[in-house]
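Sharing a structure with you now.
Chain lettering (A, B, C and D) follows the sequence in which the chains are written, and residue indices restart at 1 in each chain.
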Amino acid sequence: MIRDEELMAAALARLILDPNAPPARHIAVGAASAIPAAACWLLKVLGHPVRLSLLHKHSGNPFTSGTRELFDLAGQGRIDLFFLGGGQIDGQANINLIGTGDWPGSKVRFPGSFGSAFMYLMTPRTILFREEHSPRVLVPHVDIVSAPGISAPGVFRRGTAQALVTGKCIFRFDRDKARFQLSSIHPGETAESIRLATGFDYDCPAEVPETASPSAEQLLALRGPVHDRMLETYPEFCRRVWGRAKEQAA
Amino acid sequence: MIRDEELMAAALARLILDPNAPPARHIAVGAASAIPAAACWLLKVLGHPVRLSLLHKHSGNPFTSGTRELFDLAGQGRIDLFFLGGGQIDGQANINLIGTGDWPGSKVRFPGSFGSAFMYLMTPRTILFREEHSPRVLVPHVDIVSAPGISAPGVFRRGTAQALVTGKCIFRFDRDKARFQLSSIHPGETAESIRLATGFDYDCPAEVPETASPSAEQLLALRGPVHDRMLETYPEFCRRVWGRAKEQAA
Amino acid sequence: MHLPTLEALAALVPDGALLALPPDNSTPPCELARALIRAERRDLRLLGVPVSGYTTDLLIGAGCVTELESSGVSLGEAGSAPRFLAALAAGRITLKDATCPAIHTMLQAAEKGVPFMPLRGIIGSDILAHRPDWKLINNPFASGNDPIVLLPALSPDLAVFHASMADLDGNVFVGRRLELATMAHAAKRSLVSVERIVDANLLEDERLAAGTISSAYIEAVAIAERGAWPLALLGEYGADPLHLTEYARAARNEDGFRTYLQRYVLADRAQAAE
Amino acid sequence: MHLPTLEALAALVPDGALLALPPDNSTPPCELARALIRAERRDLRLLGVPVSGYTTDLLIGAGCVTELESSGVSLGEAGSAPRFLAALAAGRITLKDATCPAIHTMLQAAEKGVPFMPLRGIIGSDILAHRPDWKLINNPFASGNDPIVLLPALSPDLAVFHASMADLDGNVFVGRRLELATMAHAAKRSLVSVERIVDANLLEDERLAAGTISSAYIEAVAIAERGAWPLALLGEYGADPLHLTEYARAARNEDGFRTYLQRYVLADRAQAAE
């Protein structure tokens, strides 16, 4: 049986390889992004040439000039793809990592923006990822903008969101229309169930394909070599999804 | 018999300890400044608490963040005293390390400004040092200003020249008058010989003391422990002055 | 300067000081934070470089903190930072939201001795609207319209962190976490707790020098074995996830936090280390 | 990418490229410079980071260079740089005078991905008057009059240097000479010659990591034993002062320089190393 995380990882991997998007030679992945990390490891394990820089890798952390180096690399244009999430994400691909209600989060306070206000503008491609797909998270307009989905003309910006991947579906982002379009639906969901669970408006073609399940080869890779490589950086995730972290970590 | 270099080193050491000047807790010394380095080592060897950072120290170089660190330290205000020379030095304490004639040195081209255009303004104290004391070097106005002796009001500047030490004498610099005053004359020179050898105008009190010779204790220190500590960074100088570099270096 | 005890190190932190702190996954000075709580330090202003976690939550819960500037506050896998959230909701602390590279940049400006540095991005984020101390100008080198943010230099009163080793001269090894070097360069003074003092000059070893912060920036060093506990110290020991979970649970309410404080901070260190 | 020969490394340097070069007392790529001369590279623009010496004088004398930006050009104890002076006097090269921290700052701006960075000092120096690409503005954070210089980001086409070792992944160890890291980060591509390739991942060793430039910046590495000769390589071997004096003497005039070039550069490497 295919786990949701495996389906999403495979879906992310396909988005990364999208031939119509700018090349993803160097991908950076943050501490909270276990499923995106799995997608990147999956590509590496299956032989795709990609440099993967894990922010919180303990042994052999790639940032030898300190944690500032990730942002310097992005500033230089050397990070091709980054993943961002959000406590709230709206229909214009604005993300909110600060909180709901009034500034700085009078209703619910989230941890904070981290590097999003910089990375979202400096990276040619951003894939938005949030497992929870609900009207609470996917809102018409974020209460607070941590990082904007689009920028005014003249503002230095290398790229926008390529897509938004959730536990229910994949949205593509159209930067010119500043609007999402439903791109594929995960098994068990329908166009209607997506509409009901989504707080923002989006385009929906007449025919929406089902999100392709991981191939047998991808599943073998995910449960074997990908799991092993993720164990050090994402032990909790490995335990939860593949239930083997403890033994192997020990 | 006391060598000229020893006399100048002792004179520099006295200037560094000048109680009327801002404290010199951290002194940086460049590659070309062997005699100033000797003065600093003399203070250390005689037990004065001073941090000495030699730019070109091979073993244990203090700049672990690369050569930029010297300038960052100066920017932070952590370098109290620095030494500067000049192909030309004028009566307003302007220094010229670029060349004579038209820009960038149509008559004689010097090596270049190095860090002077920055260090001269960022350091609370600068001691100008040039062994050659001649109208060719000490000019009324430098042909090209590498670093200015004084700055316009409003320009961020921590200090100016404290003094100018040459092979013939010591001038004190009066920042308000932007003018040098003869302070002491090395043995063998007279007020007249100084005036003849100096291209710029300066104040000269009725009575000018002779530059004090190094004490016996200072000489012992210079020829022993100071020599030994300088050997690695200034082998040529040690050989020339104390003629013992080769053996000890080998 | 080498100090005999961590208490002596904590004594160098005055009330009201602006403290730069590394994040949980770096070189967190946890034992020093506990000493500051025992010393009843007050009105501290904390800067997360560039984010904050357990150490900050602990200091806030203990009432040592009135102000926090950070790009993110959480306990990582152990969840949100409960005492931070409670203090923020109760208005007991003032929060300045930033974004990671902005904090690095403000420290770089201080390291360089310039009043400001530019940074790309940020424009369009509500952070900018809530940072009157950040300026938006047009790039003076651009022919046309090119807005860019200028960030002011930020020089903390103190940089405090916990490292693996210092030498007898007070040079401190931090390895690849060189944002700590910028933090120490930018700060007026640095206080460091270390696992051990080594009898060798770190500057003499070319392999270690690049990861070493020169004693020119370090005001004082004191030994605190396992001083990052319950967090990890890079290259030395791992974190104590069970303890962090225990903390996250206990700190959900004031009483639970008080009990935790009593047991792990106010009680003498031997106990705490158990 | 590991290359079999230094010639293959030199082949990656196109005519007209802007090359960032470390100074003589750092990690000078002398053997690579000789390979560039043998390959008859032309119209190179050199950047001294932050000063220049033997390597630059050699390339200028061999006619490979049309432009130089530096804060100082000399052979150190061996005296002034004769081929640089001759080319400057004859108008064969364009010289941009800078000051050391300005070159570091322009590279830092490129490293950070910002169009400019400020720097204190410089005001009142004639350098500023001859750098139309440098701007003087009033500090936007100051209430009153506070002029400050803004320097443009400088991104060399290539950073080239000689290091002690690289690993199989192409990570390069430079130790405490971290201005080389900034140089590599700022440059579009970096080409590195090394004394040896080590069969270990430099990133896995906490002692070495801080002094290591990640392969993310390194386009190609090739082995050149004693590749810094006749200069020193920090922590590896000392300089050859007699040879530098011989060079200084020979290079006083064109004929002498040609003879030197013939013997030590154009002749095959084995001879040259003698």
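Some observations on this one:
Definition applied: a residue touches a chain if its C-beta (ideal position, glycine included) is under 8 Å from a C-beta of that chain, and two chains touch if they have at least 3 such contacts.
Here the structure is a predicted model, which means the values were calculated and not measured.
Number of steps on the shortest path from chain A to chain B, with steps defined by chain touch: 2. By residue number, over half of the touching pairs seen at B-D are also found at A-C, the match among B-C, A-C or A-D.
Compared on C-beta pairs in contact, A-C and B-C come out with A-C as the pair having more. Each chain gets a centre from the mean of its Cα atoms; for chain A and chain C, those two points are 28 Å apart. Chain A and chain D have CA centres that are 40 Å apart. Spacing of chain C relative to chain D, judged by their CA centroids, is 37 angstrom. Counting partners per residue, chain A has 61, 63-65, 75, 122 as the residues that reach two or more other chains.
Residue numbers of chain D whose C-beta contacts span two or more other chains: 108, 112-114, 119-120, 146, 148, 176, 178, 181, 209-211, 234. The full set of touching chain pairs reads A-C, A-D, B-C, B-D, C-D.
If you check the complex, the residues on chain B that touch chain C are 26, 51, 53, 59-65, 69, 72-78, 122.
The part of chain D that touches chain B in the complex is made up of residues 23, 25-26, 50-51, 70-74, 76-77, 80-81, 85, 88-89, 95, 97-102, 104, 108, 119-127, 130, 144-148, 176-182, 232, 234.
Across the interface of their complex, chain C is touched by residues 31, 56, 58, 61, 63-68, 71, 75, 97-98, 103-105, 109, 111-122, 144-148, 151-156, 236 of chain A.
Listed in rising order, the residues of chain C touching chain B in the complex are 110-114, 178, 181, 185-186, 201, 203-204, 209-214, 216-217.
Contact residues of chain D toward chain C in the complex are 105, 108, 112-120, 135, 137, 139-142, 146, 148, 150, 152, 174-176, 178, 206-211, 234-235.
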